[in-house]
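Please go over the structures that come below.
Next, two complexes with chain A in common: one pairs it with chain B, the other with chain C.
And then the complex of A and B:
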């Protein structure tokens, strides 16, 4: 399985400064959650996400990932809120305890449109942004190097851990471990997997922390980065515009002008 | 390790980071109280008012503030432990899902770090687990970062209080953690996801809604049915693993020694001074004094 969603393409969206994309994504999410109109979320998807996906050439990947993540949630959402919405008054159909109400369906539409916008925006950021350059530019903007170390290093060791877990599981099965049976039995079967995983983790960590200390990891001096992430004045201005839009949407939402 | 001995020298922004952690805690508590006390009245018209905005902004901001403030306090040895703990969370969580277990088991690493290295380390592990989960598996994990922070913090304080000294106390700590986790995450499930966090949990929410409960009450009851059980099992698994480990692994952590987390009185040489130096001495001359083949 792949570690991250990142797809390398030579596109202008990929070349944008990662912080610009992050600020844009966070602002859009705030706007979509502040202005509770489902068509605002739909508009964001049509005006921002779809063109950006087409320009970056990652539309297919975005669509397949988004469907895989969103479809189960949206189906459950429509089933829960569409059928069981006790606050609803306009009943369209009734079947036993389940009532299809207009209010319930509208509620599901509101929640569903926001979750869809959230997933599409964050997937687009992750697909078009190399995690390493995201970490570099965040560190340059004041994020603790400890934070970027933890995130980058975790992304690298997860595949190794998955392989290790698989081989431990196979080894234990060869010794007669049964993975079937009732849930309590299956939970007990996890123990012989987890203990060797965690023992291995302790020995790794010892070596790594000594190596990090020897290279001045905890030094508080300004770190020099090997990677140069391009930035521009236009993007710096764009970031502030996005933040201003997000703040404006929150003010608008609390001022009650929308309802 | 020289850094573990001088934490004040490592952290030049001590006050600022304390303010971050305190502000994060206040933001999370205020968000929860607001959402519970002022439940949206517009729900009858199919809207939620500002509840979903407050839920997502308040919880994500609070979790980030705590993680940013807490990470500065961690020595290098703990920082090196965090990525592996996150990998344990994610890999075991995935295996639990693929084996079709009725529990999540996605916080083993967080609780382990909380017990061995304290509440701050637990909070950082929890928050970054959900960030990584969001970057690799599903962005929808991000709003739940606050729950993971709370679990890591509570595991740390449970260890400090001595809940890992007796085998029957750790499941109790798990139960309490699970209840708090369920209460904290209920507004996320209700106001951001509309109760649709998964197939099985969604069916429970639908059942509670069908009886006529409010959305927040339904997700709270659903959480109280699944979270405490999961945390009791996870705390028990962590306890079993920790006691299966050689005690020199456990007593390597300053937090474990300072609060006597596992309750065993340690030899004077280990409690007073560098345990690392005694180890290297013990490892060094071993081949000459004793034959290495013992089995």
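And then the complex of A and C:
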């Protein structure tokens, strides 16, 4: 069962230190939201995301995931802002109360381009970064092992929940639970699933904490790591450059120079 | 070495003692098997020896619990787990839930205790080969079958190389081949001086591999001794543990006069061959 979006490829993007990618992603998001010009977000997608996706060999996966996530958001955005933007004055077309205005479309373009950049950057990070190496490098950069555990186990909990839910459902179907029929009937049929699922997970947590302690989770020794996460001076410098650019964009935005 | 004297325990908010005045000893390098009906207190006893009761679960615990000559109550949990490894019953909960491959999963405990990277890699590979899970090292722990998960869970504890290992039904999800392999590894560990206490329902395997066997019933050790003598004791039926088909066949042979009433009943196939076969006495 797949637990993450990660796609393993022997690419230079994959080999980058995960923290470099994380810092780059966060900085880009800050920049595109600070500088309120739609073409900045578009430029980021064209100059950063598209080449990185091509080089990493994950363009197809990125496109399919991005379409699933972005299409509904963008359609709703264009429909609402494009047709019902209250401050729109330059009307291109009108059907009753719905008016297509230039201002509305520009507003939708501004928000849509930034959301697109955000989603694409985040997905690219997840697709090209082994979650284990991300956790290792975050721990090496000062994150506590307990916080690292919380994040990693959260990523893994969904398939664990799915497996348990499936086995409870099978057991209940074997005892006569019917899952067919209209949606309301299906939802009602799922209610008996909730109690054993949640209670079971609580019992698991208690037992797992025992097992974790048995493996030295609370040990005061300095934790080591089996995984080697490559890093370099160039990447360390690049991280600070990204941070500086993000800070500069926020400062420029507040100073009013970019509006 | 494990030494329990007069151990009694009641869970929080209850007056019922799960264990009452229990005595048990396991020598260094010895394998002692404990059999008991479901609900007899096997898991509770395992957690007491490993130091999790009462420090985590609370309750009222009395008596002496020494591991390698040190009272477990005098150790912090981190110190206790460095002495006693605990393999819990459900392998699904033994895995950390935070690692993305079996390799990282087995390495988890070693990383926590600060073992150098080169040594982690070496020890993980060795134990994975030993338990024949080396072909699974790149798989997600959640993508394993129950039996594979149990082997990974055992590997993740064996790799810690604690001087004492307490195993709570470690073969519950394993096929006969997998179960035998686990006992072979236990033999290798005891040859290196590891002390093993194993709670197990598979009586024939205990007959073959344990140095001694103890019966946990009514909150205490009700019988203890050589595996064949204990595991063929007809009182195991009364204690809801049950006997093997070979023991029942031996008893039936005695009842019908086909076998004399003295001598040890068989527990396993080799015992039965000796008991019933032409080279045997009967």
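Odds and ends about this structure:
Just so we're on the same page, the second predicted complex is superposed on the first by the 233 of 259 C-alpha atoms of A that agree within 3 Å, B and C clash if a C-alpha of one lies under 4 Å from a C-alpha of the other, contacts with A are read in each partner's own complex, and residues count from 1 in each chain.
The rule is simple: contacts are C-beta pairs under 8 Å (C-beta built on N, C-alpha and C of every residue); 3 or more make two chains touch, one makes a residue touch a chain.
Note that this is a predicted model, so its numbers are computed, not measured.
Of the two partner chains placed around the shared chain by superposition, chain B and chain C are both touched by A:153.
Touch criterion met: A:115 reaches chain B, while chain C stays clear of it.
By the touch criterion stated above, A:235 is placed in contact with neither chain B nor chain C. In the superposition on chain A, A:30 makes contact with chain B only, not with chain C.
Shared-chain residue A:254: touches chain B; no touch with chain C. Looking at the shared chain after the overlay, A:130 reaches chain C, while chain B stays out of its contact range.
Of the two partner chains placed by the overlay, neither chain B nor chain C lies in contact with A:173. Once the two complexes are laid over each other on the shared chain, residue contacts for A:11 go to neither chain B nor chain C. By the touch criterion defined above, A:225 reaches chain C but does not reach chain B. Between chain B and chain C, B contacts the larger number of chain A residues. Shared interface residues of chain A, touching chain B in one complex and chain C in the other, are 3-4, 131, 149, 153, 157, 204, 208-210, 212-213, 217-218, 220. Residues of chain A touching chain C in their complex: 1, 3-4, 130-132, 135, 145, 148-149, 152-153, 156-157, 159-160, 163, 204, 207-228.
Listed in rising order, the residues of chain B touching chain A in the complex are 1-3, 10, 12, 42-50, 52-53, 56-57, 67-68, 71-72, 74-77, 79-88, 90-92, 94-96, 99-103, 105, 108, 112, 124, 128, 131-132, 134-136, 138-140, 142, 192-199, 202, 205-206, 209-210, 212-213, 233, 237, 240-241, 244-245, 249.
Residues of chain C that touch chain A in their complex: 47, 50, 52, 56, 77-78, 81-82, 85-86, 88, 90, 92-101, 103-104, 107-117, 120-121, 124, 140, 142-143, 153, 156-157, 160.
Those residues of chain A that touch chain B in the shared complex are 3-5, 29-30, 33-34, 36, 69, 72-74, 76-77, 79-81, 83-89, 97-98, 102-112, 114-115, 118-119, 122-123, 126, 131, 144, 146-147, 149-151, 153-155, 157-158, 161-162, 165, 169, 179, 183, 186-187, 189-191, 193-195, 197-199, 201-202, 204-205, 208-210, 212-213, 217-218, 220, 250, 253-254, 259.
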